[in-house]
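The first chain written gets the first letter, and so on, giving A, B, C and D; residue counts start at 1 in each chain.
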Amino acid sequence: MPNYEEIQQAAYQSNMQLPKLGLVLFTFGNVSAVDRSAGVFAIKPSGVPYDELSPDKMVIVDFDGKTVAGKLRPSSDTKTHALLYKHWTKIGGIVHTHSTFATAWAQAQRDIPIFGTTHADHNTVDIPCAPPMSDEMIKGNYEHETGFQIINCLKDRNLNYEEIEMVLVGNHAPFTWGKTPEKAVYNSAVLESIAQMALLTEQINPKAPRLKDALIKKHFERKHGPDSYYGQ
Amino acid sequence: MPNYEEIQQAAYQSNMQLPKLGLVLFTFGNVSAVDRSAGVFAIKPSGVPYDELSPDKMVIVDFDGKTVAGKLRPSSDTKTHALLYKHWTKIGGIVHTHSTFATAWAQAQRDIPIFGTTHADHNTVDIPCAPPMSDEMIKGNYEHETGFQIINCLKDRNLNYEEIEMVLVGNHAPFTWGKTPEKAVYNSAVLESIAQMALLTEQINPKAPRLKDALIKKHFERKHGPDSYYGQ
Amino acid sequence: MPNYEEIQQAAYQSNMQLPKLGLVLFTFGNVSAVDRSAGVFAIKPSGVPYDELSPDKMVIVDFDGKTVAGKLRPSSDTKTHALLYKHWTKIGGIVHTHSTFATAWAQAQRDIPIFGTTHADHNTVDIPCAPPMSDEMIKGNYEHETGFQIINCLKDRNLNYEEIEMVLVGNHAPFTWGKTPEKAVYNSAVLESIAQMALLTEQINPKAPRLKDALIKKHFERKHGPDSYYGQ
Amino acid sequence: MPNYEEIQQAAYQSNMQLPKLGLVLFTFGNVSAVDRSAGVFAIKPSGVPYDELSPDKMVIVDFDGKTVAGKLRPSSDTKTHALLYKHWTKIGGIVHTHSTFATAWAQAQRDIPIFGTTHADHNTVDIPCAPPMSDEMIKGNYEHETGFQIINCLKDRNLNYEEIEMVLVGNHAPFTWGKTPEKAVYNSAVLESIAQMALLTEQINPKAPRLKDALIKKHFERKHGPDSYYGQ
């Protein structure tokens, strides 16, 4: 039997960050970590409280959503993770939460406008909110179709998953991803903060304008790309 | 004298969860745990701070609201608990809090609209807000009548207490219940989260639509019923 | 020299509750405890961080605001405390904070409407907001006049300080009191909770009605008066 | 090599206050401490998590923004700090955060109105929000120009940096300063509290008036100037 300890450890550590960052109530969230060479990922077991988790409880699943190793049932959102890993070959981790402010924007079915540099440090566009799914998709292979809804949302807007690492699923809640599970968790916390500040911004000034293009470009390039100068 | 240790322990443990989950200020909440075979329940003593509680301080009360064992006076809401246990024969625990957001909806005298999947994971309908009670009910056996107000609210809307385990009492605050006191506490925390997100949703989009029926059905059935696949 | 240890200890313990209850930032609050027989009270020294306080640092002041014992300068709000102790002969403790939600209502110069039972458990009326003071009062003996503004606010509305133990000073912030300093601190936390829920209530339903009289009477009498049945 | 330990220690201690005061998510903030005699300041290294900081990791930079000592890259906002130290010769510390409420006002591009005494205890004017920068400034030496934007904002309004120690940069976030880095951190926390209370004030009363002049003067002079009587 192959050794999945590394991704189990990674998935475990990242799952444990969610309650610490205030992003989950009870078990309403999950993180997965991929092993590209083995074609599998480790994901939180379904409905198990965070304080009962341990690395060996992380379930190993392949990109078709089939459990490969582990005694527990994987997260009910597993097929969404599987589809995203299958189609987006450069991501290393995925996070799903029902964090308060990001979920409120998803329920309101609105993109989160880019109002400031905190947003621009991470993305150059409004955070997209995918429309609610069609009844056929919902009644069919629901979690699998949720993955397609996310992928199609980015496609429809000509967005690259390597540049925008977060999305809202309309009526539902946020998904984030990244090169590593740590980065995906980081993105979930950033999204929650952006979501809260955008709501407050509109409350303070209902006519608050979007960030000007020069600032969007500047701040994104401070943190990303060949001329970035943020971090070590 | 019969042994009430089990329900005292259960009521104690669940009461102690309320401050941990941020659902109570001072003593503004109470949990009870029932023993159906003995026809009694254990409930928090009135006005005793959570950090002074111990299992043996839980008061034993019968379904008419009469204290059966215990030296302390039971919660002032005891008669509401008693009536609900008497009429709803399959519930094992009841929780009452004045949690911030759920209480605000109760004070606003509005049902909480079902806006997203976090809500649909737990209920298929708007969280009902019972109308304020009539002056006769208030001046009469108030806490007893509060129980009837809750029961009648569900009856009027053709709701089953086994399917919807939470209600707002108009002008007052929420009550939740469940097969166990743990589940009733869980429901209180879920309700508070739903209440907060629903308010934020309306602030972000005053015209936010209710969740579509297909999604309501899908999410509820993921967690409940014969085809559920959430949890272990 | 008389022994002030008891009120110093009481004032110290109650002051230390303010940061624990989330009611103060830095040093923006103070509690005092009175000794009626000695005609003095103990109050927090001005501008000293809570984690540097100790009982012996509490300053002893008489009802004219004159320091009687202690090496530190008393709170800048001392004269307000002194005046209230002088005129309201049955109070044992006073609290002043700039707690977030109560201060926002004070800044908005609005009474806090009585919307629910959480409020009615403690008061039968809207929480009064005293109007901002006249320029003469401000330029004169400001903190002394603040005490008169509070006393006159209750007088103008025919309110009894033994029944309503909290007030907002317009443009400024809340003051609370009680038979003991512990009760005054309790009132500050209750006021902050009521203030937050009242704002949320209006956001959920801008036309939310005030609580009906029968419920106001019922809930207040559950906790207060000869027929009360809350607590032990 | 000169000894920078004192300012490194000061910068370290003040940086560590930011997460404790709830003013930063991840690494979204920085504090610097100046040594006027040496013409340098110590500043947080860029993108290093707070729990990995130590005094010796603080980078030493001169007033032209050139790194003088230290192995790590300094904060990406270093040039803004450098310019402010160069032009404002009496400040000892500078703080930049993306704290939630202050940033929301910056994104809304509005000054924070002076609504109450909490505000007046620290400033006599609305907290100024500098307009977003021109495209030329952004595309040029951005962080250097940010410093000029702040200096010009105060100049345009005839404000003295020794009297008003906080500003919002439109679309971006707050900067604060003070005679010491401790005071600058204190100002950041005060600003965040003022920003939250001002938003709540407008929600409670959209027509809430600004504080009257007599109260502004009185409260500011209680804490500042020759006749101040706050503190020890």
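Operating definition for what follows: a contact is a pair of C-beta atoms (placed from the backbone, for glycine too) under 8 Å apart; a residue touches a chain by one contact, two chains touch by 3 or more.
Since the model is a prediction, treat every value here as computed from it, not as a measurement.
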Labels of chains that are neighbours to subunit C and to subunit D: none
Equivalent-chain rotation between subunit D and subunit A, CA atoms, steps of 5 degrees: 90
Subunit B against subunit A, contact positions shared by both copies (same if over half, else different): different
Rounded Å distance, subunit A centre to subunit B centre (Cα mean): 33
Separation of mean Cα positions, subunit C and subunit A [Å, integer]: 46
Per-residue overlap in subunit D, given as positions that touch at least 2 other chains: 202-203
Contact set on subunit D toward subunit A in their complex: 25-26, 28, 45-48, 72-73, 76, 98, 100-101, 103-110, 132-133, 135, 138-139, 142, 171-173, 199, 202-203
Touching residues (chain side subunit D, partner subunit C) in the complex: 115-118, 186, 189-190, 193, 196-198, 200-205, 208-209, 211-212, 214-215, 218, 222, 229-232
